[in-house]
Each structure stands twice: as C-alpha cells, then as structure tokens.
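A, B, C and D are the chain letters, set down in written order, and residue numbers restart from 1 in every chain.
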C-alpha cells in the first residue's frame, strides 16, 4: 500500500439491503477497498447527472471485502433528499464515489485493550476497526447506543467480534435504557481498557472524551461536521482543535480528521471561533481588525 | 486538427482557458490527488491575506437547489505560509498560479501585491474586492466604485508591471458596468466575475439561519444564468478587457457559454466539490465542443454571442 | 388540533398563506382542472395592463439548473377582457383575487387601480414595478425609488381605500431596503418579493442568447436563497410591513422558510409549471410542518428566524 | 367521455423499448388513456424528486391500450438531460405525468380521404389518428420522412394501417431520397386526398400547409414550440395564429394547439411578433408605446 490517494470512480451497486432502520449498500470499488483503513469514509454523489443536489454525501466505510476485486459497504439512515435517493438504488446502478477519505483511526503498536463506543450510525466505522484490532491481538469491547432497538447497529456481529458488547437505547427497547456514557465507565473498568475509540454525535464524543481523560487513557474520536467537498478544498467542515504546539486552529475534519485525539477537540467551542484560535478576530492585534462581514464570499 | 486552446490574460498566455475558482481548490495540492494540475490553464488560489484568519464558525454551508450557500470568512494561514508552502508546491508541479488576494485596505492590498511580486512564478494577481473594507465600516470594496478602484490601484502599484492584475467583482452591486469601468480605469488588466450571490437559508428544524454567518454567498449552477448575464453585459460595454468568467460551470458546454458571452478564460468553483476531477473533464468536453463546431481557435469565440446572427464565428 | 392558518395582508384576511405568483397561474382557470382554487389563500393574477399586449417573440424560455429563464413581456388581453372574463370566473369559483397590475406610467397605474376598484371582489392589488417606465426610457420603476413610489402612490390614490396595495419588488436594485421604504412611504400596505432575477442563457448550438429577448428573468428553486435573503433583510428593517414572499418555493418546508424569514404569505410560481397541483400540495405540507412544530398559529412564526435563539416561537 | 380535464398521476412504467433511434415507454395511466384523443400529448416530469430539471417534457401520445385499465405509449429520441434520464427508466419505476393535454386533431364527419404527413418523431401522433380515421371509414395514406432509416417511424404499422405508405429519408437510406414535401403532391393526387394532417418541424409544416392550400384542401398541423408548463399558464409556447376574425394573436400552442389549421399559422412569422398582431408594439397607437424592455420579468 504505497498509494494512499483517494480515487474517484463509478462503482456498480452490488446489493442494497434493509438492516433495521438502516439501508446498507455494497458497491464494487477495488481502488477504494485496497486503500482503505478503518475510520475512513467515502463521499457519494447523489441524484444523478442532472441532480439539484450538488454536494456529495459522506458515509463511513462499514465493511470491505475482496470479492469482485474489492467491495465497499456503507450504511445509512434516510434523512433528506440524498439518502432517500440512495435508498432507491438497485443492484447494477452506478454510484459516483470518491474515497477512501480522511485520517483513519491510529492503531496501537501493542496488543492493548480497546473499547469502541458508537452512537447510532456512528457505530459503522467501528466494525472494520474491531476486526483490525483483533487481528493485532487487541482485546475489543463494544458499547453501542442508539435511540431505539432498530437503530442499534449490527448487534450480532458486535457480540461475535468483541469480548463484550454492551448496548444502550434511549427508550430501553434493547439493552440498557440510557446512553453509552452511562455504561462506559463500568466497561472501561471491567475490561481494563487502555484506549477508547468513539464515533457518534458531538455531545456524545465530548462526554466520552471527558470520561477517557478522567480514566487517563487516550481517546480517538471520529467527528461529523457538515462537509461540502470531503477532499479538503472548501473549508466548510472546520472544528477547533488544539495542535501539538498548544495553539487552537480551525482544522478541516475531512482531511485533518474525521479522527482526532479526543482531548484535543474543543467540544465546548464547536460552532464558534474560540477567541484564542489562530486568526480569530483580534488574535494578533493589527488595529481595528473586524470579524469578516456577513456578506463575505469566501 | 485539435483546436488552439491558448488564451491571453493581459500579457500572460495560458495553455487553455479552464482554471479553478478562488477558494474552491486551495492552492491545488488536494486536487493533485485526482489530476495533474499542470494540465489546466491555471490554479486560482484561495484568497490570501497578510495575516492568518480563522473565518466564520461552523456551520459554514448549506446545500441549496443546484447550488450551495457558504460563509467561510476567508479562513487562511496568511501570506507567509502561502509563500513558503503553497506557492512553491504549485510551481514545483508545473502549475500556473493565479493568486487571489484579499485585504482590509489599500495598504494591505499593496503589501500583498509587493510580497507576491518578489516571489517568482506568480502569473496573475486576482483582487478579491468582496472583502470587508475596514475604513468603511466593513462594507465591501465592491459596494463603492471609488473604494474598489483604490484597492485595484494599490495592487497595481505594488505589483510587478509584468504581472496582470484582475479585479474580481460581485454581482450584488448597484452598477456593475460602472464598477467594472472604475476598476479598469484604476489599472486592472482584466476582470473576474462573478463572486457568489448574496443569499440566505433558514433551517426549518431549528428555525435559525442555516449558516453561522446568517447571510452567505450562493454559488454553483443555480447562479449560472446570473453570471452569464454579468459577463455578457460587461463585455458589451468593455469589449477589449479580458474577463475570467465563472459561476456554476459544470460542463464543457457551460464553459463555452461563458466564452460566447465574452469570457477569455473560465473558472470552475463549486462544481469541484461535486467532482474533484471537474476541471480536466470540463477541459476535455470544452475541446470536444469546439471540435464539433469546427472552431480553430478558442479566441475566435470570445464574445461571439454578441455578433449578429450568422456571423457568430466572425468568419 | 390543526393550526390556525389565517393570515392578514393589511386589512384583508386570507384563509391560509399559500397563493400563486403573478404570471404563473393565469387567473386560476387552467389550474382549476387540477384543484379547487378556493382552497388556497389567493390567486395572484398575471399582471394586467390597460391594453392588450403581445409580449416578446418565442423562444421565451430556457431551462436553467433548478430554475428557468423567461422573457414573456407581459403578454395579456388587457383590463377589459380581464374584468369581463377572468375576474368573474375566478370569483364564481370562490377564489380570492389578488390582481397584479403593470403600467407604463402613473396615469396608467391609477386608471388600472380605479377600474379594479369599480369591480367587486378584488381582495388586494399588487403593483408590478418591474414593468418599463415609459417616461424614463423604459427603465423599470424599481430602478428608481422615486419612480416606484410615484407608481405606488398612483395605485393607492386610484384604488378603493379598503383594498390593500402591495408593491412587488425586484431583487436587482441598488438598495432594496431603501426601495421598500420608499414604497411604504408612498402608501403601500405591504410588499411582494421577489420578482425574477436578471439572467441570461446562451444556446451553445446556435451561439445566440437562448431567449428572444436576450436578457430574461431567472425563477424557480435556484433563486430561493436570494429571495429568502431579501425577505429577511426587508423584514428586519420594516418589521410591521406585511410581506408576500416568493422565489422558488417547491415544498411546504420552503414556504415555512419564507415565513420564518418574515413573510406573512407565500406565493408559488415556477414550481406550478413542474407540478400543476403544487399549491395545494404545498399547503398540505406546510400545515403538516406546523403540526410537527406544535405551532398554534402561523402568524406566530412570521419572522421567527430573527428572534434570539430559543425564542424562535416567541413564547 | 364527459370529463376532458387532464389528470396528473404517478404512473408505473410497464415497458421501455428501443425502436431504432427511438425509445418507447409505456406507462399505466388509466385516467389519461380514457380521456385521450388523437393529437394530444402528455407532459412528463424528469429527473426525480430533487431534479435540477424543473420543466416537464412534452411527448405526443403514440398509442393507447386498454390493458391494466389503460396504458399510454410515447416515443422519443434522446436529446438532452431529460430524455437521457427517461431512456434509463426501467419497468416499475414511477413517472409523474400530466395529460392528456392540448387540442386534438379535429375529425372529419364523413369518410373522406386523409393523408398523414410526419417528420421524424412527429409521426408519433399520426398513428392513433390513423386508427381513428380508419374506424370512421376514412382512407388513410401515410407520408413519413426522417433524416435516416433508423429515424423513420413504425414503417410496418404504417403499411398495415394505411392504404399507401410513402417513406422519404434525407440520405436515401430508406424509401425515397428527399423530403416528405417532395413526395406529398403525388400522394395527394393519387389518393385524391380531401384533407392533410401533419406533424413535424416548423419548416416542414409550413411547406405542407402551402401545398395543401395550393391543392385547396384543408390541413391540420401539430406544431412544436418550447413549453414550460403544457397547461396554459406560463405563456412561453406562443405562435402567431390568425383567428376567425382575421386578427393575428400570439396563442398558446399547449392549450389552443398543438393542432391548428395550417393556413392560420403564420409560419413565416414564427419567432417574431408580427407588427399587426393583437397587442404588438404600436398595434393600437397610445403614443410612445415601447416594446417591453429586455429586463421584463413577465
């Protein structure tokens, strides 16, 4: 694997399945499959050639198989026009995909104990990660949560792959009633976890990161910010992240992420420009430097 | 015989008329993963400022029908990093650099132009006039032809004389032709248009504006007819001034539309987000379209839609 | 409990806020084949002039991404035929009539208003200010706030005092808020916006402008973010003036977006061409959206996007 | 048939076929089928729910059958984005159609001799017309032309239905080399035609109308002007037509047409506003009445 560059291709749909509240699409995409590392995502064009939906939709890669030269599976919930269109695809349709994109989950050098925490479809990228970690001799524990039973992800696979799998639902329809963060501390202690991997909504990632920090173990989170390009050129997907040098920067979650060290993401400041961020208004006094006006084009 | 695609922007010649639009391609590095950046006419960089700038908070964008609304706020690392890291990279790959600059006043514009002139390899400087004029309570330079002219004059005076200066215009102005004329008068060698169109989306779930900045700029194919009208009108008034046309170019045929309206070169912006290989695809489609029309030189077509029926090709 | 959909336009109350946009529904007769025109808030008629008018030659339209470009040129049979044939038909079906008028000068505007006031059943008069002002070399009334104000004053003075007068604005003006203020000052009871956005398409096969008029107006979902920005901005400046919002409404959620921006009623134009039943579908979707938000009265939502976070519903 | 109003429906696609250079789609559309009269058309939404293509595409109804409560077939050549999308439909997809639209071909009261002249896909509406005319005891003769053999329409059906069928192609690849208007005079004479029906490009219709007038027989033409709505509300589809009262009006080809009496269409003035048309600039002197400026919205 010398070439990590993403590729763009028209991939034939192999299968479209319903999985509880989700749809799973598998496409034949050898170039993507061979480059893929856990935590990466693909960006899918939606609506066809004359679509009014211009922007690609980002989906975590859930599974990669060697069949047909390499297939890639992603799962999604129907949300708006793009996912509704995807849900109507049939096998042999072509999907225009770009991938694999983004910074993957860093892997531990040693066979340590890993707890993987997922919320809703945020669980998707944790499955290939679990397989890889197992392959390296790591212990894997899952904590997967969702609003309701039909949104809990691949419970059977989770149980099969992991040492333990704990499930939580907001309505108690499956597993423990509550949130993943209610269950996590116990799992960390029982499993003597050395590292946390998490993917899900921002508030969940914030709490998981805080917990990991309290337990003094590293945490890798995969964030989700609205993305227009997925390839690093549009600057729409920024989150405030503290760098090695202690300086906060607005970094692109598509190329500098989506995986970040949890303690470096300034969750409380997501949706703002922290006053001490590089280039924030007044960051370096040049006299009367105003925030950019609302009519700003770029 | 394949058509001659060379075009002139002032004293500079480009191998072909297809380029990226400012802020939609970084400085070319990310796109180089998808195609050879030396193949397109030029890479227009994200607008560079003197200092690092963090821009607007997220959410910075919303999708709109056949377009998008964005409010980035000129995030960037500043001219030092640009000159040390981005420009050398682009030149090392054989890319043509059109550098977009944004300043808060004439002094900054002049300084940016000066810094760029010291560096080797800048083909054209594009003056983003949609940045806030700090001397005028943050109104845009384009809101006032005199302020726009002053910014252009500052860049022209700061820049090496062999580097053409293009003034980039917004369509949301009282008198576009007047503004264009004022910029040319002030020394602009050409015009780039259009920047995004002012717009807004409201998220009906949260009942709040969809982008953190409130107002934003609309771009993409949705605005193409607006952009074509601007290029047509300004070319009619100033037929000798080269124009870089942009706004929603998605296909080679769209690029041809801008050339027929009066553009000498055509920039691709938002559609790059949809298709990272868009520029080379559009270049290929554009060349094919010229072939179908039996056109020998792209320059023969510039402004052809203005000519009387039957004389479109000027032959 | 289903939400209270009634809205007020000046002194007139409509059963619900969804209406047709001028020039996109004739006077309701053709659409009555697809739904009961009495069910929507009102039918806004094609702009009526004093005399018959043939309009522009064909081709009069071109499709654009998520929109269309049109140049019709106010074709119509004139006020006499309208009063004899179209208005009585609409009233006989129980439809609410908002009559759009277009004149070449104040005298014509006043005469049109007078003629409409003699006829029974006109709920609102909408003044299309994007028609050519013959006294000013055919420039539009909206190009000059004074001329626009004069036209509004003429309609207001010619119209019966219990008929609200709405001034319809174009977005292509130097100062929209100033223009809106001038119209209100001159007696407009409310504002309609936006009219189409100036644009152009060039047919790359013929290399000529795609519509016979050369320039045309862009409409449809493509312009929605531009329209929402206009409504938001004018509502911020003139919060007490009722607004009929329009520009690319395709769904109930789009209609809600306009209401949140500050519109009291919402007109559907180009999307009718796509879906002749659009108005009733949008009304249904709009009502459902209100239900999901648990909103009791649509009037509570007017301008809600302007309120501080968390106070959107004003409760 | 008391209700002539068009209906709007989501119609399932029954079949999609290739027929030489054309695609033929049959949809299940009982409401349309039962109201249909020859010469009418349907307007089809293209590109799906989030399509960037806002305007419906107009297609002549080529065939109507009683199966499944009523099916409707239309034929088309791929031209731009809309027809390309249609060509990719598969059976069971839904199409949003409105129809039947427009003024049908008027039918003769007596069993007269009718010659039906079609150019390219303009032949489509002539087939149901031929069946109806035959049902009324009329003699039918076809003159069908196209650019090349693969664009000549349903030659076999034409031969079966009609007394005679003459074919012309521009390149001579099928039938006689030349245009329908080269063959028409002879057919009119041989068949002693009493009336001409024609559908095709404007220049063809102009010539056919002129010929019919020279032979002093009535001619009904179906015109094609760009249409945005198809239902009569947008005023984009106008052509200059002389009324009963001798006054030229810009009439809507979607509701007042597409079928007009050939001698009433001012073919030479298509694409203009004739100076003597109702409401033309200066038509009724009101002093300084200018043509509407180009910035005109409506």
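Keep in mind that, in the parts below, contacts are C-beta pairs under 8 Å (C-beta built on N, C-alpha and C of every residue); 3 or more make two chains touch, one makes a residue touch a chain.
Note that the structure is a prediction, hence the values are computed from the model and not measured.
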Revision key, fill the gap. Per mean C-alpha coordinates, the chain lying farthest from chain C is A
Practice item. Quick one: report the Å distance separating chain B from chain D, using the average Cα coordinate of each chain. Key: 45
Review point. Measuring from the mean C-alpha position of chain B to the mean C-alpha position of chain C, what distance in angstrom results?
Key: 34
Point to revise | Intercentroid distance (Cα basis), chain D paired with chain C, Å | key: 34
Review point. Touching two or more other chains, which residues of chain B qualify?
Key: 65-67, 198, 215-216, 220-221
Check your understanding: Which residues belonging to chain A are in contact with no fewer than two other chains?
Key -> 52-53
Point to revise | Touch-based graph of the chains, sorted into line, ring, star, complete or other | key: complete
Exercise for review: Using the touch definition up top, name the residues of chain D that touch chain A in the complex.
Suggested key: 46-53, 81-82, 84-85
**Study point:** chain B-touching residues of chain D, taken from the complex the two chains share
**Key:** 52
Revision key, fill the gap. As the complex stands, chain A meets chain B at residues 5-6, 8, 45, 52-56, 96, 98, 225-226, 228-239, 249-250, 255, 270-273, 277-281, 283-284, 286, 288-298
Check your understanding: Which positions of chain C touch chain A when the two form their complex?
Key -> 65-66, 221
Practice item. Note which residues of chain C are touching chain B in the complex, please. Key: 64-67, 69, 174-175, 197-202, 204, 206-209, 215-216, 218, 220-226, 228-229, 232, 248, 250, 253, 256-257, 260-261, 289, 301, 304-305, 309, 312-313
